[in-house]
């Protein structure tokens, strides 16, 4: 049942072609029909301002190219995450103006970029090895219509590097703080700023880092109040959450 | 070195009593002096609008009473978390108008409540056993100057209970979603709303719940984009983060 | 919005008091209204044949007594799990004919027991320490209208104890197999019978049993095909699932 | 000792060629002889309706081909799981009409398919990445003589997708619900239906998904009563258990 | 079916009262009858030389007393493990000559001790906090008919304490080596002796000892070839295994 | 200080060239000299009957060949474990009569095999995938001078397969029981036999098998008294321990 | 064999009463005699400057009192750790001038304190809840003859509190840095100072702190080079290690 | 703001061009400016005596070559860790006199080696498989200006190998003790020496070694007081910490 079907049903009620009891019965099943599907889908499109996000990792190259080509037949913007260089090449053959962030492994296509709203989303990373995750977060926030700034390689073992950017920190609307190893940066940043802080643990490290578990636990136990956390290496999720927070401000 | 010392130093430079090179040397050590301490401290007070939050658990009853009494000699509001009924009694002797939320184990004192700013912070809980955490989150957000609404006992095994509140869900500015056991509620809520969602795993459950680990992992792996997570049973942290997000809107 | 509201809406359409477009708009919100709530609720009652199951653990004694008293004002049956002797005493004051299984810690009230349907639900336990979980499973299946048989203390280190009951094993409709420590019993039983086997790990054991984790992992990795598993110590869940399987047969 | 030997022994007793005491002694050793082996083997064949299931993963290609060829000299049906395309090619040379499900990695050979008995086994998956596990479950249930239906990509973050299939959900005899990441789908499904639900966690996800651990724990702690769980990625086990449950109905 | 039933069956065959085919059918079910039960039971009694071992922990005091009293009506020896002083008192009322090892928490009753066979079972412990486990192992081996020697408090951080007993180490038939914390003692002992070494991790330690996990992992990874391991704190199991090894020698 | 140095020291004492006090001082340092090294080394050779065991995994092929060639210049026997086919080829060029067990990945060279002593070491495995570990255990026990028997593929889900070998089980002197997945076989075997049982968990399995952890925990928590355990996949260690136990008997 | 025996042996060699070969044989066994024991024991006493450290936790009160009384009959100093107030009372009855640090739970007795050597051992703690561990470390270092300074409650969420003590940090000889929750303080301190840093994780925190595991992993993965770590809550170990490092300087 | 800016500011104060109040305000922001950055950077260079350490693993070969070339334009020494042979080749093209330790995977360039200060840093390893970690530690300590000695392959299962080096152990200033598997060596060494002991767990082992976790836990729980621990396989960190301790002695 879609909108048209529903329209027809109501028309029949209006014209007396169907009893109210029968219509009632039909409508009781309505919450779980395709109509709901379609409606929510539109809501989703309205909400995030672009059709869908494609997780490229684990998909065949041709598959990624086909999906992206289809999505890019709409108005965009379109975002693909965890895309390999080969996947980028495959997509570019069908979508010539697609853009690839090699470090962040993102594909973006935005002929009509969303207008920048809200304040600044500031992306911080503790080390250079965290850059892929940081860039994924930055590209996500950017394509979703946020002003994005980056401060990289400001780990807590060299505190002065972070402290020299205090003004920029304090001016940000939302902060995405990315760190591997012991994951201490969000605690320090959370103590310096007033804005919401989203912490992203990365799998950077070895041995007892246990693939990002150490950083994850560290961030969940942050002594700075109000820090929230996403999954290990989930730059996309952090960028997405930051956008939800940032763009809300000016509704 | 405090502000007065710094003033004197600059005075000596102005009066030519000290060489610039010597002053320069003194000032190089400045980032790590009490001056910085004081300044940041003021910032903190300005930011959150109340003196400090007291974690009562693990403190002696008399100790809690003394700290609360001291903080309540200021303008407030003051918040204490994880307070036992005995601690509440001890505090009430010294601060008669302190309020105790027995379920949420919070002490609040707010003769001059902060003005409500921003939209609504909506607190959802999956089960009745999650209420202590939910109430801690609600009291925290409330005392920090947010409009707070509660929808409790809307776990995903009885989906209709949640869906009957869809309008309220969609109207909220920030959502704090609390669940133990498998922790699935934030994923479902995150797919229904546009606002930021903060997920709080609780230690409710037994066996393979492993004290909240199951819910925590579930929330970190949420298939709903943009959900962020705080520590197990950390209602305070969620309420605090929600306030950071919500109050920002109207600056 | 409930059924009456919906009826009125359709009436207005029929009478031409409302435009189809407006009615359409109203109905689009319908999936998430109280109507859905009520309908599902009735479904639930129909499905399981009794009002609700009360998890007594963690609830105040008076609270348990009040809830049970209210539920026992209906036709029943009513089931309470993980009830302490003190809670039983509190309930008995208000519901004199409530029955308490001290080992299984269940409260049951069934003035009009459900008719026994389907085949036999057979409950096996590896050791005597597993009995509380076994009895919880047995009482759950019994109150839900199943014939229940019990074979206890048939751990795999004394295989002959199990093998002497082969005929009974093979005659069962569903088997609930309960074991702590290494949790090997379901694998052996699963290799002997044709009926569905539900495995329940218990927290019986010490040291590297890690509170039931060893048994849980053992059961999940069972070399007997088709064994399914529930949470550690979850006798209720196993009895409930066994009833779902068993009673389905004769629909 | 096999049936023939046993027959001869009894013949000798009947003819008075052996003393009862001596025969008794011989029979006491009987539980642990080849007779038991043979008998159980026949039972097994009778029970499941096909010779054996071949786990192809980790076996040499030629080995798989030889085993399958031998099994396919019987009446069938025969099932191979986790087979690579190369293994399929090797088998096809010897068993030309073997069928390969590339997604589910199953080999099936069923010149005389088992008659469909019982109700419908419904296979649900949360995401497209869960399809290999879902197809393994579906092929297993199908070859074992069950009507199988599939609903894929109905994860809880887009609830409408699931709810639009409510009727199909409610009509199923057994449900196999497959999900990675937070593994929330079985809880939602378990709350909607009356039939038994078998949950299958998958290793889909990254970071704190810990190879399926998050989904596994989530499912074990499901707030929907009566959900049972199999090992991570164990589509075969779920299909097998579903068949045990479904085919039992009409005995 | 017991021996008598079987005798009657054979008698009927001899007398021609039952067909061979019918008798054959009856006998096919035989592997899983009470006959097997009885036979194995006798085997068990023969094997270990005493009726049974009672795990007292978790049993009611009266229950322990009743079981011990019943077992002590036989010839003995009888062993009870993890018995509290209160349980000891309860047993002593009914079995006056029961002996209690307060440190090892064992109850032993052996009016006719088993003859000492085999060589020496040597019990070593790393620290004084490991003594309860060590004494449980020693009492178990002793009551089962082994010569037992003890060397306690010879942890590896004071190597000289161990090395001063080299001769005694080398003379032992089996060694039970007990250690908590890092559990290094079995590796050092395993490198010094030729006899079998059974390692017992204890829950002694705190923090990252994780209840004995550190010692357990250490022992499983011992660089000394041929060390085998039992569960954390399982002194009984180690003493039992040592007896199996030691008493075998002189059969 | 070596034997020669010590001889000279004693000579000087005998000849009066050095004071007793001075010699005493020198000798006090003796425990930690090369003399000790040499002596123990000889002990080791005497104990195990062959020079050394070479762990080939992780060593360069040429390195393995050189070490084996050197050891094979002695009387042997020599054992290499976890050797690749390429390593075998490299060794065979220098030691033509070296023997390779492809399944068990062992290299053995024994021109003068050790005489078989003691009873039988029986190697059991639950599944065919456990064979590499089983063969490593068997080859180790064999080369160390034990009679070895093998019973493979007798997992507990088809109990009859195991029970048909009961006599062989009961006749063994030591049993090495190898299983992956849930690791239940040692518990069943331990309940059937009187001889020492060494359990070996294998990494066979997937998902919640966690690389052998499930089997390891299962075996450590075995309800059969007296089962001892070695590291995951450690066939060598089990064979070595079995030899220590078995050969001791007839000293 | 002790010193006297050895002396006699050498005397016999000198007097020609024993052959060198025979004496040689006797001496080969020497590394593992009581001589070694005694010598090492003296070394230990020399090394640490006091008799022994008593871990009071888990010992009977009377037992602690007796041990302390015996040790305090020597010159001291004597240290007891993890002592309860009741144990302190029991000790004070026998050793009137024993001192108790209630927070750090240490007993110290030092009528002749060790001279202060080396530089300063600086103890830092992140929060007030870490004080028991911090005081245990401080008392240990103090009684072992080190100058000790304390800076408490300087967690990284309020960075200014730490930075205001930069000079004191830089002047310390060794730093013991104590933190629970995310354990980030050692990374920040390690980046500021040149001296060795010993990190101590504490069990302070809840939920995903997992009893100190989060802090432990954080410290092991510290991005500040050269930070070393001790066990969770191991203040004594940290103080001991700090003393080893600090007192070495001036040898 | 850099030093020049600060100089200018002070100049303006001296010349009366700016009010003290205004200068004061400017200076209050100073802690978080580039000045701090520069100062600390110089400190760092002064402290460790060389520019920076390059972690080569995970960096592109050309990237490593470029960074090393730039650093080697200074006075050195320069250290690179975890460098592959290919990276070495790439660096050598630009820095001909760079040295490569193939086992330890370190790149060192030190035309003007730092003077050797302090005592000896002694590196011990338990097995030959631990050598890569041991050599990384040794090269790190060496290039940082320490005398380094090595004793390899002295695992605790052959204690004599270690004890024969007792004098060398006792003479060392700092000991770095490296072991995989059960990680017992630091406990034994810690009991023999007086100097600080830094323990390094390695990932050597298999099965329940869990990638070094067993060794790590063992070392954290060492029964030898005062042992401190670094991350799994972190030879660099141990060498760095050893240098901090050793070089401090003679300031």
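Letters are used for the chains, namely A, B, C, D, E, F, G and H, taken in the order the chains are written, and counting of residues starts over at 1 for each.
Following the convention adopted for this analysis, a residue touches a chain if its C-beta (ideal position, glycine included) is under 8 Å from a C-beta of that chain, and two chains touch if they have at least 3 such contacts.
What you are looking at is a predicted structure, and each value in this text was computed from that prediction instead of being measured.
Touching chain C and chain D together: A, B, E, F. Of the two chain pairs examined here, C-E and A-B, the one linked by more C-beta pairs in contact is A-B. Among the other chains, C has the CA centre that is most remote from the centre of chain H. Centre-to-centre separation of chain A and chain C, using mean CA positions: 40 Å. Separating the CA-averaged centres of chain G and chain H is a span of 25 Å. Chain F has its Cα centroid 50 Å from the Cα centroid of chain C.
With touch defined as above, residues shared between interfaces to two or more other chains in chain F number as follows: 31-32, 36, 39, 158-160, 163, 192, 207-209, 213, 216, 220-221, 225, 231-232. Chain pairs that touch one another are A-B, A-C, A-D, A-G, A-H, B-C, B-D, B-G, B-H, C-D, C-E, C-F, D-E, D-F, E-F, E-G, E-H, F-G, F-H, G-H.
Against chain C, in their complex, chain D makes its touches with residues 31, 47, 53, 160, 163, 173, 192, 194-196, 198, 216, 220-221, 225-232, 236-238, 240-241, 243-245, 248-249. Only residues 129, 158-161, 163-167, 206-209 of chain E touch chain G when the two sit together in their complex. Residues 29, 31-34, 36-37, 39-41, 44, 58, 201, 203, 211-213, 216, 231-234 of chain H are the ones touching chain A in the complex.
Chain contact summary for the complex, chain H toward chain B: residues 3, 6-7, 10-11, 13-14, 16, 20, 23-24, 27-28, 30-32, 35-36, 39. Residues 126-127, 155-159, 181-184, 187-188, 190-192, 205, 207-210, 213-215, 217-225 of chain A are the ones that touch chain G when the two sit in their complex.
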